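Next come two complexes built around subunit A: one with subunit B, the other with subunit C.
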Partner chain A sequence: MDRKALLIDYIKDEIMRNKNAKLDENEDLLSAGILDSLAILQLVAYIDKELAIEVPDEDVIYDNFKSINSLVSYLQRF
Partner chain B sequence: MNDVIIIGGGPAGSALGAYLSKAGISNMILEKVIHPRPHVGESMVTSSTRVFKDIGFLETMEREGFIRKYGASWHAPNGHEFAIEFAEFPQEGIDQDYTYHVDRSKLDLLMLKHAEKLGTKVYQGVTVKQVLFDNDRATGVRVAIGDQEVDLPAKMVVDATGRQTLLGNQLKIKVKDPIFDQYAVHAWFTGVDRGSEHTADFIHIYFLKVERGWVWQIPINHEITSVGVVADKAVYRESHNDLEGYFNTHVITNPDLAHAMQNATRINEFKTEGDYSYSLSKFVGNSFICIGDAARFVDPIFSSGVSVALYGAKYAAERIRIAFETGDFSEEALKPFETRVRAGVGIWYEFIRLYYKLLPLFTHFIQSKEHRLEVLRLLQGEVYDRREVPVLDAMRKYIESVEQSEKHLLKKSLTNISID
Partner chain C sequence: MRYLLPLAVTRSAERHPDRQAIRVTGQSLTYAELEGRSNSLARTLHELGLSRGERVGIYMNKGLESAVAIYGIMKAGGAYVPLDPFAPVARIGFVIQDCGIRHLITKETKREQIGEILTDKTCVEYVIGLAESDGLKVHCVSWEDVYRTPSHSLRMNITEQDLAYILYTSGSTGVPKGIMHTHRSGLSFAEWGVDTYALTHEDRLSNHAPLHFDLSTFDYFSSAIAGATTVIIPEALTKFPANLSGLMEEESISVWYSVPFALIQLMEHGGIQKRDLSALRWILFAGEVFPTKHLRNLMAMFPHVRFSNLYGPTETNVCTYYHVEQIPPDTEDTIPIGMPCANIEDLVVDLDDKPVTPGEVGELLIRGGVVMEGYWGQPEKTAQGFYRRPSFGQFEDIFYRTGDLVQLDANGNYRYLGRKDRQIKTRGYRVELDEIEVALLAHAGVQEAAAYPIPDNQGSNLIEAAVILKVSNNLASSDLVEHLSRRLPPYAIPVRIDIMDDFPRTSTGKINRRELRERALGRLAL
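== the complex of A and B ==
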């Protein structure tokens, strides 16, 4: 599974807790209230564990976590 | 002349009585009420097991069938659950991977009886009016028996009066914590849905969305569950003393908690705990020692209270034994007790502050490969024999990086708690 699919599955299953949720790749996860502060760190922990990418503390910013697509493009640098 | 008078027969006083009796130092516990009596503080950390073993009380804990606590679970407001299990982090000198949840009226009575069996003289229903002093040296206590007052001399006086802080008040050395002014509203319930079988007997902590707000769920026995809402006192004040309304208002804000409480029935009156955290400016003086909550109280988020009381008793007993050997009961001779206990409780306190400073960080750390075991070590009460606690430094560093970075997404989750 590619990164994008993994992230979408994780957000639906573990954060939204609804496998059938609608999740647009460009949807603003933060303003839509999908990612709160706990969920952001959950996601960081998941990325560390499943993708073996350690997101540096200073990179936990809006630009990188805005949407699925922005997160995937941010992760491309690793 | 008595050797040691211990004021208060809670876990701190009874454990100390037991240690001293085992060491052949005669001692007496003066307890204000007649046990059993209700008390808050119903969950423990695993380090307590060491003290129970020391004083030969572990068999009683097992025999009495207290609920075994194998772990802890946190529930975020978004419905996510994070759990830890004590089995992941074995502790030296402890052969069991669980601690206990207790009905304190039962535990405290059993511990008092245990001290008595080991030789401690126990007098219940005796109110100590004050500790007697000759200049700054404690010389005994004044007790009220019926309408009479009687002075009892002693070589050593120990204040184990808990949150009553008899000596702290008498000597005016009690200092309110500048940061934590939390307030708890709690009661016992039946019919609480404790969740999946695997974690049903864990302590469950539910995060609330209000400032420093959380709820405990502690199994007392197979039917009864203790549930308490803790929040900043300012949050409580908004409720205008409507305990039931306050409690219910917060319970429904966390979906997991609302579910757990759906069919719950309250079986006793709501109780409240205020004036939350404090410390005495000193824990020892000439011929006296203050232990447990009588010396210091920190926020109970990590179930540290009984462990702090038991280790206070352990370390006080060591110091008192040395004092009787050398004949030196001076503040200076007793000071190593204070240094040790202060260091341990200081680690709890720092952990608590960092936790409240940035709540998401704690759940992040317990999920991280790098820090998980270090966090477990703290959660299991291993705070006394360590000079350095790298995980606290790592938490601090993370918080600083959030504070300093302009755009960090967790910036708005930072509370105004000082961590310096």
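== the complex of A and C ==
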């Protein structure tokens, strides 16, 4: 599975906890209230474990986590 | 003459019309602009028939318009009711019906949710902030139209005893309760804040808390009294410590106020060593106990900053405070909640409501101008919340019961020991565990439910729950999460729901929640 699909599945299953949730790739996950502080920590831990990418603290910022697409594009540098 | 909260803006607009009142992501309003725009909104509300004491909902992410809404509503003689922009629409709908909101103030970004909230039975008649109705059976007024309304000042036919705002919090019976504050109670607290932290028009205060959280009243009202600038932190950025530390530097924040959790995150992931935070002079925190280990580390990082612990349930704004002294390296004792604020009378009573001798444990009762008016539409609950002490056989002193157990230490500071009931804090929000259990039991497939707090080692709690299902159904915990997400705000939804065949019981057959909690802690320790 590619990164995008993995991340979408993870956010739906573990963060939104609703497999049937609708999740637009460009939706602002923060302004829509989908990601909260705890969810961001979970997501960073998941990326570390499943994609073997250790996101440094200074990169855990709004621009990189704004939407599925911004996260995928950020992760391309690894 | 400042007996109403919005007069703080009016006076600052007279004194410093061109100073910035509100800033958010590159946009700003001067005091003159905030005064003018809130006058325009107040006039719009009058034209739409708002009467004295009516409740007006604010339903949007924080920004310039939400600040205009706070003052415009109060100037029109109404009470503002901040609605959590991330709460499920059913809960928003409940609050709207509970306090009879006819006027709702919003932004285009909430159009979809507004459509869901405005059912046939809604009491909302006017929506300000949407361009046209577009299928909604309500009268809409855009922000452009609001700002075309004359902006000169208007007469406010209200007194300091009028309602200013209502903040809804978790209620133990499963429905949120509305805590009513008057101009007097809001100002009593805000004026104390200005004095105690010596705020001036040079200060730049953070607004980290959401509007439905009482910390925000300091960020806006104390700032407006001082003629200072409030820097609104958009909800999205509050989740990212690296963004927060950048914002603190770029905006030269001088007074920071948040829950301890945000500060611990900032310290551990914010990269603050690399930031120039020389403008910062006060760090204020409230809402939860700050773990001593973390606080000591934070204080070591900012030797030039003073730290203050503010304590008080939403019902009393803030009622005690403690300016933190040096914390010895070898102690893990939690810091005190300190002494009563100005013009506040404190009383500690035992289980029989008899005053305790200093140093004994008891419930803290509070009396003074900061105390709420009561719970909206719940006279019985309001009566239960107060303790009336006869005085000289002719008068009654009315105290608010905090429900918090305290003890006076040798230095005359109160120490917080815990709750009398089952209310807990999670990330600064108070949650009644009973409310979560009631919400779980509302599912047709649930037989019994238990909710309990698990410390997160970040100074806060996470919530877990366990349920026993009725026979012959195969619900998954994800079904229950989905059920709860339609009833509870996100922070109140358990991070884990275990489905069990039976619960551990006490000798009298009650659910042994302590044992459930121990098991969860054991699992986490593995």
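What to note about this one:
The definition used in the following text is that the second predicted complex is superposed on the first by the 78 of 78 C-alpha atoms of A that agree within 3 Å, B and C clash if a C-alpha of one lies under 4 Å from a C-alpha of the other, contacts with A are read in each partner's own complex, and residues count from 1 in each chain.
The working rule: a residue touches a chain if its C-beta (ideal position, glycine included) is under 8 Å from a C-beta of that chain, and two chains touch if they have at least 3 such contacts.
Not measured: the values here are computed from a predicted model.
When the two complexes are overlaid on their common chain A, residue A:Glu50 makes contact with neither subunit B nor subunit C. Of the two partner chains placed by the overlay, subunit B and subunit C both lie in contact with A:Tyr62.
Contact with subunit B, but none with subunit C, is seen for A:Ile15 once the two complexes are overlaid on the shared chain.
When the two structures are aligned on the shared chain, A:Asp36 is found in touch with subunit B and with subunit C. Of the two partner chains placed around the shared chain by superposition, subunit C is the only one that A:Asp28 touches, whereas subunit B remains out of contact.
17, 30, 36-38, 40, 57-58, 60-62, 65 are the residues of subunit A that lie in the contact sets of both subunit B and subunit C, per the superposition on chain A. Those residues of subunit B that touch subunit A in the complex are listed here as 76-80, 207, 359-361, 363-364, 367-369, 398, 401-402, 405, 407-410, 412-413. Per the touch definition, subunit A reaches subunit B in the complex via residues 14-15, 17, 30, 36-42, 44-45, 48-49, 57-58, 60-63, 65.
The touching residues of subunit A, counted against subunit C in their complex, run 17-19, 28, 30-31, 33, 35-38, 40, 57-62, 65-66.
Those residues of subunit C that touch subunit A in the shared complex are 61, 85-86, 109, 234-243, 261, 265, 269-271, 427, 462, 478, 481-482, 485, 490-491, 495.
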